Amino acid sequence: MALKVKNTAIVRENSEIGTGIHSLWIEDPQISKAAKPGQFVSLYTGAADKLLPRPISLCEIKKEAGLLRLVFRIAGAGTERIAGFGPGDPIEVMGPLGNGFDMDGCKRAILIGGGIGIPPMLELAKQLSCEKSIVLGYRDELFLNREFEAYGSVFISTEDGSCGVKGNVIDAIRENALDGDMIFACGPTPMLRGVKQYAKEKQIRAQLSLEERMACGIGACLACVCRSKDTDEHTNVNNKRICKDGPVFYAEDVEI
Amino acid sequence: MALKVKNTAIVRENSEIGTGIHSLWIEDPQISKAAKPGQFVSLYTGAADKLLPRPISLCEIKKEAGLLRLVFRIAGAGTERIAGFGPGDPIEVMGPLGNGFDMDGCKRAILIGGGIGIPPMLELAKQLSCEKSIVLGYRDELFLNREFEAYGSVFISTEDGSCGVKGNVIDAIRENALDGDMIFACGPTPMLRGVKQYAKEKQIRAQLSLEERMACGIGACLACVCRSKDTDEHTNVNNKRICKDGPVFYAEDVEI
Amino acid sequence: MNLKVSIAGVEWKNPVTTASGTFGSGAEYSEFVDLGSLGAVTTKGVANVPWPGNPTPRIAETYGGMLNAIGLQNPGMEVFIRRDIPFLRQYDTNIIVNVCGRTVKDYIEVVERLSGEDVDMLEINISCPNVKEGGIAFGQNAKAVEEITAEVKRHAKQPVIMKLSPNVTDIAEMARAAEAGGADALSLINTLTGMKIDIKKRCFALANKTGGLSGPAVKPVAVRMVYQTAKAVKIPVIGMGGIQNAEDALEFIMAGATAVAVGTANFYRPDAAACVAEGLKAYMQEYGVEDINSLIGCV
Amino acid sequence: MNLKVSIAGVEWKNPVTTASGTFGSGAEYSEFVDLGSLGAVTTKGVANVPWPGNPTPRIAETYGGMLNAIGLQNPGMEVFIRRDIPFLRQYDTNIIVNVCGRTVKDYIEVVERLSGEDVDMLEINISCPNVKEGGIAFGQNAKAVEEITAEVKRHAKQPVIMKLSPNVTDIAEMARAAEAGGADALSLINTLTGMKIDIKKRCFALANKTGGLSGPAVKPVAVRMVYQTAKAVKIPVIGMGGIQNAEDALEFIMAGATAVAVGTANFYRPDAAACVAEGLKAYMQEYGVEDINSLIGCV
């Protein structure tokens, strides 16, 4: 089975690339070597009152250097503590976790990231060799968008219209009449619902990266399940484990 | 009433002066200015799983520099964490706490420190102007003893006989036929019992510095009480609060 | 912006008090916090006669909390009335006297003695886990809770708050029993009975063997019981158990508590109670809440 | 140096197992820990038919612990028997199957189906706080505990461990009831019912509103209940509740537990259970303890 380890990694760089949004580079050759786009790692806060790890998606993977880039938003005391780590600090990390994106056999891909769902799209954009339209949805402040430009044509939507199309990612797709044979999407559930609906309507297959509160991160505790079309072979009910069977699912396989 | 504050002090120096025994210099002008020999401070570990402060006696007070010296033994995870603080680190501290020694009107003092009860004797030796015999009891390894030599004649006892008189502090006192009109003592309870007994027999007044597990450190929670001869005016029973009425008591006033 | 709440006809300037036993009678903490900034000060338990309490060690630290087995050491009501009431009256805050006893007669004696005194509310401690006669016997039996409540009410001149034990199968049953007995308000949780063992010495960490667990560790149990209690009765609930900041306090208020008490946090943040009151204001400002009462039980 | 213990005639190579629901059936954790290094693996609850569990969010982090309301999602006994028993049998460890149900009939169906299977012990979960029909009704009533225990024993071929709920007034009464019903051993504590409120969204943190509190925060309550239980019955006790290292485990053993289970710690230290077993050895070496059995209830 795929390698999965818990290590003490070293923080190499930590910068705030947006309001409350941090870019963390950590060094862990073992995890970096095994990692794929769409997978995530569990980061430990090291605080005695916050025991559970924080699942963070992989934004970039530099196997040669043994590095992983994690871009996350400070959502509470746990991520705030992680945001406080600096170069040289040790950080407990478990990974790589989850299935990652299925990158086989698509010719024209539409990558859709919304808010803090944007980071995992970056490594995917780097590794996906086919033609790519990249759609990034923000509330207002942009981040990471520049870094996508090298990998495809970037389309932006903002809720306040301060940049790109005013509205959401679907508005941006329609307005730019984007087409493709595979959608890759990560973002808030309402956005993913919209993407699933749009994909169905346009008959485009879509891979959605979901999130849910997790405890173990490896599929044992059954905290992070989502309703699925087929019964999950693991627990024999219509619940897939986001941390293990996912976080990436084909749209038609999950109810969101 | 006497000043008592909770501040964030700065660690200036931290060195291990014996096996598991740390000497910590912290800067807090306010507490340093108000502090007296025999008083203590409460140090906070900063760890979410260890909420209660650790009471540590004052080993040295440098009012001009606003410094306090705290010498303590690593007794558990809390003191171990404090022992990990380095120069520049902030440390939460409350103090000065307790009554301190009564230094008035003694002409020939006998200072007795046993084990980790030795540190508070140092500042006392510095401030006590009269003639002083200083008796230091160790199990085996010595610490701080050199620093006492400037302030009086130092007599040492070790349980293993590796230095000075083989035995305890009382053996050292008898062997050296030490005499005086006031005893100041701090150390493990069995030693204090011996001192109380000896003082009674020789008709010397004795001030004993006691310790007990504390929570609030300011006399409110009634965790750290000791049996007393008179009813304590505060709670109207025969219990004195070591953190507030003590930690220093005249031997005849407490049952130990 | 209104932080005022009213409990059994007594108005509090804000919904924050101190948990009995963690604040003495306020004197020691007055060096760190303006008692006038609190809605009320709840005193350490007061008995009819002085109590010496338990042998030491009386406390032990635990993960995110502490165990205590003080054993209700207190000077008895006469010293309390002579010394502590006048002291507290200097401050613009309500005085809640926590009353403890070994028998119903003990409680009644204190309640009657206080009936002529200038105190605002009485909190009846029928849930101290550390003294066999400290009321735990009353606090874990619904019939006994109703009876002692009724008996206390018969003699009390001030509003009566019954302090409930969390060491029960069904907290709602106890709450309804106290309400049926005529209680004006309820406070909970008292401490959870716990134990710590010193594995080096292979002995109990506390001389009393067991002690009461308090601190942030117990908060989820406390919030749950406050929620169940507020749903079960019509009288106001004062919530406590691991509150160390305004966010914690808000969980209790949203769960149904009309007021909250800060306990163990006083031991490591002497100004914790005042900070909670300040923090509530800050939250209301940030979220545009006009009246704290609109948050009570809003979940 | 001996770490072997015997529970109801079953020998464990060391007194460490996993707490039901925190370790799946071991497969996921086998990537991090050698299951053969454990005295036993206790599986997630198994019902007669598949259970879908509760809606999400199913967990919430708390100070020094966590709340869970998974709702006993499980694949049902047939899939479990076909897939998980053969997997676990590859390892040199005991298999303890945790059995859950909605009715006595459900429990019996699973117990009978397992009677012919190659498993070492059964743990009957009559204390899940997250499913109304998850046995909590049984677990909080002494008479019901005795009856279901007797009924299970009548059909069980393997030794029966009854898992007790801590959400009761008197744990000793429940323990004696299970013993009277014929239980071969007892395990405790299951989780304490708790609640967390999201003060920003002003809603419950869990879809189920309440959940079971576990983790280091609850350890003092667990040690106390294990102590009271071990004093009340003659059958062996398996202690659990917040164990994350050997020091924690030793508190339970000295309080009277013959074995211990590691639960929540698995979620943040996947090799926690194995580390506890190793740590017990280290303690025995340091303190010159020849036989772990000499520490049981030594306090």
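To keep things simple, chains are lettered A, B, C and D as they appear, and every chain counts its residues starting from 1.
Here, a contact is a pair of C-beta atoms (placed from the backbone, for glycine too) under 8 Å apart; a residue touches a chain by one contact, two chains touch by 3 or more.
For clarity, every value in this text was computed on a predicted model and none was experimentally measured.
From the C-alpha centres, identify the chain that is farthest from subunit C.
Farthest by centroid: A.
Just curious, how far off is subunit B from subunit A if you go by their C-alpha centres, in Å?
Each chain's C-alpha centroid was found; their separation is 57 Å.
What is the distance in Å between the mean C-alpha positions of subunit A and subunit C?
47
Go ahead and note the Å separation of the Cα centroids belonging to subunit B and subunit C.
Result: the chain centres lie 35 Å from each other.
Enumerate the residues of subunit A that touch no fewer than two other chains.
48-50
Subunit C: which residues touch two or more other chains?
Counting only residues that touch two or more other chains, subunit C contributes 63-65, 216.
What's the contact topology between the chains, one of line, ring, star, complete, other?
complete
Which part of subunit D faces subunit B closely enough to touch in the complex?
Listed in rising order, the residues of subunit D that touch subunit B are 63-64, 216.
Spell out the part of subunit C that touches subunit B in their complex, as residue ranges.
Residue list for subunit C touching subunit B: 21-24, 28-29, 31-32, 44, 50-53, 56-61, 63-66, 68, 70, 73-76, 79, 215-216, 264, 266-271.
Okay, in this complex, where on subunit A does subunit D touch?
Interface residues on the subunit A side: 1, 4, 6, 44, 48-53, 78, 94, 212-226, 231, 234-239, 244.
Give the list of subunit D residues in touch with subunit C in this complex.
Contact set of subunit D toward subunit C: 62-65, 67, 140, 167-170, 192-197, 199, 202-204, 210, 213, 216-221, 223-224, 227, 242, 247, 250-251, 254-255, 283, 295, 298-299.
Using the touch definition from the top, list the residues of subunit B that touch subunit A in their complex.
Contacts found on subunit B: 47-50.
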